[in-house]
């Protein structure tokens, strides 16, 4: 077969690498992540440091790694109250495999559940980026709150449907002070809390606290949901395991008496 | 750059097509599915015929297409009782997007929910394939049932946790008779029903009936879960839509009083 | 145990139905969907009619059911080019179960793939709803296009990365004319096409065409992604099945030579 | 309304708690996980300790926590070669949200990818449990291998498609020795390696090594996939983030020239 200029060009185009990555280079018998051989990393860094290295591309300082570790622990579990946990257990009961149950649980991390972290990080990061060099926290916070009030939208990271004071938020802020990890974003978040608490009696929840600190640690808001998922995964796995080994298979999660059929009313609503 | 023999060989290796398919050929301004231009298919065949064409690679006879259509309709919805529907609504309430809610619903199609179709098709197809040329339905069915009893496993496709007689199964068998679509697999399934009903008072459910008929239509058991999913998708979508437009966001699906914490007992179980 | 007033009240609260639905009422041996016994529906209505009934709550006219059937067929498959199909085949090759592969495929229906239908339906429905009683299609379309140009955003439903003219769009519009199913939304979409084609040489794709017609059939934009998923599911299932029965398990979808590691450059970008 | 005996009984039935858990008790302003207030856990235990506590229900010894930490780090990332990573990036490119991309990635953890851990843990745990009080590792290992050879099935946890020697396996075994965490399961796995290496020249991979050690740490095989997912999540998240911020949206992951349509051949295969 003769290879003409054109077909050669096609071959090159076809052969051009489509996949590039700066995360991990795989060679035979060698795996290099962010410039470090995995052999060297295993046993020498903690899992939290690995999280930091993978996502940020560099090793954390000691205080940063302690802070991230505390944040991951703080996301761990909230019993069977979250929809993600309920969904994962429903799937476990239906007999799905563990990876499908966990994937299903993650799919419940919508706007109203776990979505607040990303939204809050985005808002804090945009706000700080667009502020002048001098920070008047009180008026910045007031402006921040006013924007949400004007659009009648819930401020992400504040209030909790089960807690008046989220005990995790209080502890994590205390640790951030202790580890000297409070920067502009957390300061803004704390200032916002003062404004909201005064006007509405609502306090910061764990998402709000972690949003500020993660931002101060330099995490892009686009990684917020991901970091939450790392923290919550062990909890989800425990629940799937508990459902599988402890409850009867394919159990009814509610009684038929708890279902209310109201097609009639519905048709009046215009055939939803 | 000089191109040596070796590098040329590499280029060829790299450029070798990795993706092959017999389903659809895509050309600029032309899409050919199973040998038919999509332009010709749209408006000329029903959706059920398209399902048959895509999965089996050929057009169905009229009676086959009517049968498949009835089967798809029979899978449509079972209210809020299935875990898939509950899971999808949980995700909708949590504010996940429609595609995530539906994917989440499908992930509840585990061994105990929707899994019976594939299992039942597999069993019927294996049994018929390994039987001799003469069929003594009564003894075949008795052997079939005995194998499950010996291993103390539920026979897939029989019994329903909400119905003593599954009205869909009765209707679909009647239609299969009317459309002349009953072959060896359905005959075996009906013979199994006689054995089970006599000994346990349990009847065939919609999965059992459709497993037999789909097998007689020539569908490989590996496509059974897929066909069920096509049938159930409209129901799942209606529920996700209903949840999104009619219920408050992030509602509590049960009260805290309904949660029972029993860590104490658990620790006695050895630290589950 | 004595039952005081308070505990009775709690029991009532706890026992209050949490789940309501207007879609399907499940009774022992009877399943009623949108007011019709499923026994009556199976064998008497087509799958497209069932889709219409489930989502809209009422039976379609004959022309509406033919139109919806053509739309579902038009969504069926686009070979291995879409990310959803590639993702589903990757999972099939990795040995995941069918329901997990399909759920995984659906998760690729993001903003850039399949997302256009919902977005286009939303835009068309909002535009028509907010327009005055008289329709000057030309200026309406011009305004519509201008808004997207102003924000430098791609107009959803126009242009296709593989087709200059999407053959499915042409056919489906022709059918809509034939079935007398063209209303205000499709008229607006066609007027938009004229504006875009004149200025940019870009034509309507199948998402754009179906968005207009589905809107004219009265489908809420929130159901658009769902209807697309129903249409595409058979294609995804065929691909998963093809991968499972025809290709080697756990095959490499690309060669290592196709991976380009560029951590160096990356670090210069600030340690992504 | 008069409350009769029957309706009271119903109320009790309806009101009976359906959800029980031993993992986390949620009270207003207080969250207790496995008997510890989360306030006390945050900042006082590492993430690996939290994983251990959640899944096993008790706090690890220091050496166990160091071991689990090393295991989690060893699972972190394998570049873009795994189907899970490719799938997650496809979804990110298609514009899906982060939680959907990650869920999609997890759905590629099928039998052939990540499935080996659970399978290997199950086999090792069953084997040790059913062995007599005396362990003749050599003959036990030979029997183990023979069973797989007899059924012509790949032994899970051995061999790697990119590495002749998995550098992570070597390091993790070395650490297990150092931390004094090698028990019967790992000993059996090492004995199996000797048998396989002698006959086939194949070595233990990271799944094989971790299966032994996790079993020796007392983790039930049903939790193996879950623990792998915790370790791999940070890698998946980095890839999704990298795809989103660094690559063009909705890019083509391969050229059309790389697709090979062979419907003809297929039809000869019997209309797959």
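In order of appearance the chains are A, B, C and D, and numbering begins at 1 in each one.
Keep this in mind: contacts are C-beta pairs under 8 Å (C-beta built on N, C-alpha and C of every residue); 3 or more make two chains touch, one makes a residue touch a chain.
Being a predicted model, the structure only gives us computed values, none of them experimental.
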{"item": "Pair of chains joined by more contacts [C-beta pairs], A-D or C-D", "value": "A-D"}
{"item": "Numbering shared by both copies at the subunit C-subunit B contact, with half separating same from different", "value": "same"}
{"item": "Of all other chains, the one whose Cα centre sits farthest from subunit B", "value": "A"}
{"item": "Averaged-CA centre spacing for the pair subunit D and subunit C, given as whole angstrom", "value": "34"}
{"item": "Whole-Å gap between the CA centroids of subunit A and subunit D", "value": "21"}
{"item": "Residue numbers of subunit D (touch at least two other chains)", "value": "10, 14-15, 18-19, 21-26, 79-81, 86, 96-97, 99-100, 103-104, 107, 109-110, 162, 241-242, 245, 252-254, 256-259, 261, 272"}
{"item": "Contact footprint of subunit D on subunit A as seen in their complex", "value": "10, 13-14, 18-19, 21-26, 28-31, 33, 37-39, 41-43, 45-48, 50-51, 54-55, 66, 69-70, 72-74, 76-81, 86, 97-100, 102-104, 106-107, 109-110, 114, 118, 162-168, 170-172, 175, 220, 222-223, 225-227, 229-231, 233-235, 237-242, 244-245, 252-255, 257-258"}
{"item": "Sites on subunit D touched by subunit B in the complex", "value": "15, 17-26, 34-35, 56-58, 96-97, 99-100, 103, 254, 256-263, 265-267, 271-272"}
{"item": "Complex interface listing, subunit A residues touching subunit B", "value": "3, 8, 10-12, 14-15, 79-81, 83-84, 86-87, 90-91, 93-97, 100-101, 103-104, 107-113, 115, 161-162, 241-242, 245-246, 249-250, 252-254, 256, 259, 261, 272"}
